[in-house]
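What follows is a single structure, written as structure tokens, with notes after it.
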Amino acid sequence: MELTAKNFQSAEEVRWCPGCGDYSILKQFTEVLASTGADPDRTVVVSGIGCSSRLPYYVDSYGIHSLHGRAPAVATGIKLANPDLDVWIITGDGDALSIGGNHLIHALRRNLNVPILLFNNEIYGLTKGQFSPTSREGQVTKSTPRGSVDHPLNPLTLALGAGATWVARSMDRSPAHLRDLLAQSQAHQGSALLEIYQNCNVFHDGAFEAWTDKATQALHAVFLEAGKPIAWGGTEPTHALAWNAGQPEVRALSRDFSLADAWIHDPSDRLKAFALAELEGELRPFGLLYAAKRPVFAAGQPAGTRPLREVLHSGRTWTVE
Amino acid sequence: MELTAKNFQSAEEVRWCPGCGDYSILKQFTEVLASTGADPDRTVVVSGIGCSSRLPYYVDSYGIHSLHGRAPAVATGIKLANPDLDVWIITGDGDALSIGGNHLIHALRRNLNVPILLFNNEIYGLTKGQFSPTSREGQVTKSTPRGSVDHPLNPLTLALGAGATWVARSMDRSPAHLRDLLAQSQAHQGSALLEIYQNCNVFHDGAFEAWTDKATQALHAVFLEAGKPIAWGGTEPTHALAWNAGQPEVRALSRDFSLADAWIHDPSDRLKAFALAELEGELRPFGLLYAAKRPVFAAGQPAGTRPLREVLHSGRTWTVE
Amino acid sequence: MERNVVVLLAGDSGDGIQLLGGQIVRAAAQSGRDVRTLSDFPAEIRAPQGTVSGVSGFQFRLAADSIHDPGARADCFVAFNAAAYTKYASQLKPGGLLLAASEGFDARSLALAKLPADADLLAEARAQFRVLEVPVKDLTLGALNEVSLGQRDKMRARNMLVLGILTWMYGMPTEVVETELHAVFRGDETNILAYKAGFNFAETLEVQDYRVALDRHDPERGTFKTINGSQAVALGLAAAAHQLGRPMLYSSYPITPASDILHELAKLQPEHVTVLQAEDEIAAVTSALGASFAGGLGVTASSGPGLSLKAEGLGLAVMTELPLVLIDVQRGGPSTGLPTKTEQSDLSQALHGRHGEAPLPVLAARTAADAFDTVLLAAKIAVECMTPVILLSDAYIAGSAQPWRIPEIDALPSITPPRGTAGEEAYARDAQGVRPWVAPGTPGGAHRIGGLEGEEGSGRISYDPANHQAMVRERAAKVDAAARLYGPLEIVQCCPEADTLVLAWGSTYGAVRSDVERRAAQGQNVDYIHLRHLHPLHPDLKPMVDRYRRVVVIEMNEGQLAHHLQGLWARPVESVCKTTGQPFTTEELAELWN
Amino acid sequence: MERNVVVLLAGDSGDGIQLLGGQIVRAAAQSGRDVRTLSDFPAEIRAPQGTVSGVSGFQFRLAADSIHDPGARADCFVAFNAAAYTKYASQLKPGGLLLAASEGFDARSLALAKLPADADLLAEARAQFRVLEVPVKDLTLGALNEVSLGQRDKMRARNMLVLGILTWMYGMPTEVVETELHAVFRGDETNILAYKAGFNFAETLEVQDYRVALDRHDPERGTFKTINGSQAVALGLAAAAHQLGRPMLYSSYPITPASDILHELAKLQPEHVTVLQAEDEIAAVTSALGASFAGGLGVTASSGPGLSLKAEGLGLAVMTELPLVLIDVQRGGPSTGLPTKTEQSDLSQALHGRHGEAPLPVLAARTAADAFDTVLLAAKIAVECMTPVILLSDAYIAGSAQPWRIPEIDALPSITPPRGTAGEEAYARDAQGVRPWVAPGTPGGAHRIGGLEGEEGSGRISYDPANHQAMVRERAAKVDAAARLYGPLEIVQCCPEADTLVLAWGSTYGAVRSDVERRAAQGQNVDYIHLRHLHPLHPDLKPMVDRYRRVVVIEMNEGQLAHHLQGLWARPVESVCKTTGQPFTTEELAELWN
């Protein structure tokens, strides 16, 4: 029997604020579970704590809403005990990057075979609006009434720096794009870090409007496609990136500089992926920045095989008869 | 009175294993304290736990041997309470990158004004020889009798990914180089991550021989100098790096490719620094990979100034007479 | 004449219930009534409008005399909508007054509250309560006829209309309220118009029968404000920093319900105080300790899970003998538990939750206002005894507002750091067992400290067995000696012939006190001591306790203090406890023991 | 004839002292003597050669009858060098035999040990002890004359020369030792030559006077090996995984002295067992819990600081009601403390160190061999009661080797997971209060768990007060019911007319048992129960305890169990304790109470 997104919706009442970007992510997530033929009996959604981390309750599969920041560690244990399970990690910018930063980088470097969906709303939602590691300098929040002084972490450069094998970005407001990346993250063999821009309409509304709003998206959002020039500006692109002496350069498309001259996106190029991830200004890339093959973790840690008798009798023994 | 390195040596008996690389680092450290005119009354050496983290005991200044992995957090508190102190962090590959990874990346992104000396010996020394996050795939240790399966973390790319403003590498066996980098790390305004290759002659002897041994150093160690071509091979360099379409390329120096064609090291170029940091094979860079200016953390977090009376009476009050 | 009245306000979280409650508290306090409150928020950030899970509640008790708790069941219940009624109807006393906003019971509201379309809640209500339907919406819109605002915006003033009605009903001085409203809303008349309309509605027309005139008690003199427990802690810390006259680092990681202290301090910006939102709780406690090493006072706060994470950091503070204040705003546990509910179940962990022999002083605040004083005592002990101190508060204290007389700065307790000149051995104890505080920057004071056992006096690493034994006992003795800084043991209630002693601690104070007073009034001979000092106990406590045949220990957990006291005293105590996430009510206590 | 003898071996950490000790243990055990040991390593990884801080010590007690402790002061002390002598001379009984390696007392050795060049240690020694100087170096080099090795390499066989002397002195069968040596060193004759030279030296020449012939006791039958506590835990876990027949994840972060369990398991590779060196202790416990959620058994181990860091993870295990075994190998605390020393000071934290009401079973192993059984019991309780379990061991147990009879697999206890079919409510308890274990992968079993309070039965999030109260009590009752899996209460020593009961737990077993037996032999009427079950207590314990006027609780901390028992029983117990980082000796206990 084919399952539909409905089959993956649990009976639990969804309790995010009306208008929260999490709704769309949940919807795309259940649709991708359905469309990729996920088996609810073998699907495990692991989260930490946060608004985002409530997601497992709303998905009719196995789920564990664990501890703040610890989802990657919990998922590691699950995968080691049963590598056949399809495990997903759901986390937030606070959960993954503040308290959970250490587990995140270790999951990435080990290449634990799990997609990691990082809902980035640049704020702590559940605890009612303190700044998070991705909050902007100067952002006014409950804990920074005079504006944050912390320099934000960039989840994508951090992931690349930690040795991640799959790094991408999408957003709550582009359902098709998000579904595509979710499916890709699942297909990747290894840790797949997918940052999802998610609007917290209560504590940091409109944070990502420049990239998510139809009106401005064409100007600021660069949708990456492997093998295609990195260009934007509408259905007919107006601008493109050039790879100029090892630095990205924004160029208006013109007779002097056509799409053929533009930087062709190659997700296997780690250094260029880092360059793209570093675009932190108005211009931001979406889609798959980087993907590489590396052995996955669980496979390298097989359970032992020595029979108990042999183990008990290992080493120097003697027998009294 | 001019202080000498001797003045910075405490009376505590040094208890590292004979032959340990830590001895040289300690020596260069006290010499740099002396040569840079450090004030022992205002110098604070903060460490976590590990062989490396024993260093504060041996330095006659203020020091705190704190908790495993937590030195960056302790140092943050010290700097916030008294920004005038010269605080150093001493840490190991386990201390900084395993249990302490989260505090490290947050210190770096905040640009806490502190040099961070990471003694990398690719092993847990103090706990007698388990693998660490920088141990190599296949490395046989007490906890990996069949060889480690974890993919190592690269401290330099991690630091760059976390937004570090100063990233460098040196080694125990090149005293002059190490002293130079120590002095530079101290001079930097912000977090200065200095990775120091340190030989643990008991549990992972010879790990860095390729780069530290006179015989092989010229072949494998690339000493970076700002504004100079990136070249190596002996007093007369035989090889250099080219920056070829945005990728580093090793070239033999020849008539076709002279030093003038080589990649000129520019520590302000973040992307190229990442490219250098990614050299994880036989060829490894030493020296300052990256340096940038960004406001330091403590300065952005001043103590409040509102007098107590005003604070107590803030908000809506009423008076009964 | 009535001596007190309990009122419950409830509506959607968007209805401004808490604001309304806040205004009433200030008006009541300024008019010489005592008042205690209890808030109940939805666990969700923004639950869907009109649903039961989105209901916000605010209970207050107004009284002619001084009172200690917000009361149990309500005399009057103002229900803004059907969901609020559904959630709280059982809290209204039989025969009590239900003041229902008509529009909140229409078909749409029933649907939002997931009730059948034909449910006639008010008809049902009439069977048990006196019901007064007030067309709050119509009255509000009518009052704001002239105002050029959309209907949606006008409706935001509904709560002020209700404020008007209540002000009149409980005979509070309208001048006071109006002055308040002018101050709060500055030029904006909308709310004041609605308020007046409510007041006039009540006076001229409908609610004459429901008026409850409360006597005024003779008000204490001074300058007042309302504070909740979070604000009290923030102010207490500001005062401690001032008294110490050194840097204070408040370092914490957000968690409900402790975060409000962080917000308050970030907002207040008191002198000497630096605020750090750390990357996690471990960084919070260890950075606070770093500040203490550097000669300031490190302070951190958290709730349940955060307390667990700080165990190792606290142990280092014990070993390095540095001052540190940790405030644990307890919530329902274990694990993530019931994050918005109250409980006293972290006591055992506060006493014992560190590896090795790591005793430290543990204090508990009883009310918001008391939290101010207790924080000051905690800081004093931390600094003067060079030790980490845990201060236990809870979600109930954190969230309940009460009027508070702002103290004179001259009257605040002193905080005197121990000697800190150079040349002293790092751990040379003074007569009270306190080591010096030689902060980096002190000329000639260079020394090293850490988590390894230190040699007596010098602090240098030592694995010597006799030294370890001595240091373990000296650290414990130093903590025991903190009791010298306690004030006299306060006996809350005292009957000459009592053979029963009630012991309680923390936020149960109001309810237990009311219960004990009721018992005393009814002739039951019980004495009552409310513990502020959980470790070390007050030196006068044990001799007192020995005089009673029966000791009853009341707390919101499964008997943690009772277990601890038996452990110390090896004598039986009776444990009266519950672990429901809800504070005790006096009614409940009346039934729980005899 | 002597019934037992205590021997202390000490030399530089490079001298192979521990290896020598290990050989003697195996030889003794195979020749029908009982033997108990105590190792003492330097805290440094490699302390400078010849220094006092670099001394490595190994004490053993050989006995004709079965014994329980390694003895207090030594009858014979083999000192390999001046530093060793300096460190341990006071451990040798007055009049005892000092066997001194001549070359270890030369000028160079004195200098390395920071002693004056003119110190004549052996002359001083003669005043108190019988001294036998043995030219160990010369004898070794002489024996290896024919071997083509450098002097340095030859000198590594010094310890085997001493083995030869001791083998002869204590009348152990040389065939057994030689077989051992052949097996250990394979073809390499060097060590065997040195051994034989030592044996011959002793037999033919010098040490006739010092021979102590020990009776043999009737040896137990079976296959044996020597194990220390770390090995015993590893083997116990292997056995538990086998009995459960499901995956086990052993996830831990290195820390002394717990790491040796990690090393053992990584080396042994038992079936079903996956070993993970996690990035920190929090990851260790939470990944173990993840494995348990996935239907395996999560196991983690640590020492002091790591236990503190695991508090939050344990709380989640309590709340999610998943099985988990945490082994805490206690060491000297608080904080980093005395990492290589032993202590029992984590008990209170094991009992209480989690926020909220979070009870869980706590067990303690008494010896290395006992650790094997206790680990199996811990795993059984964790799985059959669906609860985290803490097993307390300590540095002393971890490091002391003893002969152990390898059990038959058929005789191991069963471990039966609770029902786990789909369609059950996630928290529907069975008659014992145990929830089902429906692991991901079970068809139709999808459900969500987490750290928030769950509704009874369904496990869905619930903030309902009555539900919370019920769940708190049900979780506690489930833990209390774990006692059904205990064996009978074992009374170690029993005098018909005793009015004093001794209670102890953990690694004090050997010393306390010897002390109690000595008292009984001297006519003091004391009974003795050694507790394996610290929470819940054995159901038969309290009725037993009620029969005694006097209860003496012995432990290596400041009285943590005593406090807990008083807390539970509200009756006085006497606390006999010390916190020195050193195990009790029988001599010490004799003086500590009466």
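The letters A, B, C and D name the chains in turn, as written, and every chain counts its residues from 1.
Throughout what follows, a residue touches a chain if its C-beta (ideal position, glycine included) is under 8 Å from a C-beta of that chain, and two chains touch if they have at least 3 such contacts.
Note that the coordinates shown come from a computational prediction; the quantities given were computed from them, not determined experimentally.
Visitor: Measuring between Cα centroids, which chain is at the maximum distance from subunit A?
Guide: D
Visitor: Which chain pair shares more contacting C-beta pairs: A-C, or B-C?
Guide: More contacting C-beta pairs are found at B-C.
Visitor: Subunit C to subunit D: how many Å between their CA centres?
Guide: So the centre of subunit C lies 46 Å away from the centre of subunit D.
Visitor: I'd like the Å distance between the centres of subunit B and subunit D, where a centre is the mean of that chain's Cα atoms.
Guide: Averaging C-alpha atoms per chain gives centres 39 Å apart.
Visitor: Counting in whole Å, what is the centre-to-centre distance of subunit B and subunit C, each centre being its mean C-alpha position?
Guide: 45
Visitor: Where in subunit A do residues touch at least two different other chains?
Guide: Expected reply: 49, 65, 67, 98-99, 101-102, 106, 133, 301.
Visitor: For subunit D, jot down the residues that touch at least 2 other chains.
Guide: 275, 279-280, 305, 312, 316, 320, 335-336, 450-452
Visitor: Quick check on the complex: what are the subunit B residues that touch subunit D?
Guide: 13, 15-18, 49, 51, 65, 67-69, 98-99, 101, 124-128, 130-131, 133, 142-146, 202
Visitor: Taking the complex as given, what residues does subunit A use to touch subunit D?
Guide: Residues in contact with subunit D: 10, 12, 40-44, 46, 49, 56-57, 60-67, 70, 72-82, 84-85, 102-103, 106, 301-309, 311-321.
Visitor: Looking at the complex, which residues from subunit C come into contact with subunit D?
Guide: Residues of subunit C touching subunit D: 43, 304-305, 307-309, 311-312, 315-316, 318-320, 330, 332-341, 343, 345-346, 348-349, 351-358, 450-453, 463, 465-466, 468-469, 472-473, 476, 557-558, 563-564, 566-573, 578-582.
Visitor: For subunit A, which residues are in contact with subunit B within the complex?
Guide: The contact residues of subunit A facing subunit B are 98-102, 105-106, 109-111, 133, 149-154, 157-163, 243, 245-247, 269-272, 274-275, 278, 294-295, 297, 300-301.
Visitor: In their shared complex, at which residues does subunit C touch subunit A?
Guide: Result: residues 44-49, 53, 253-256, 259, 262-263, 266-267, 275, 277, 279-281, 305, 335-336 of subunit C touch subunit A.
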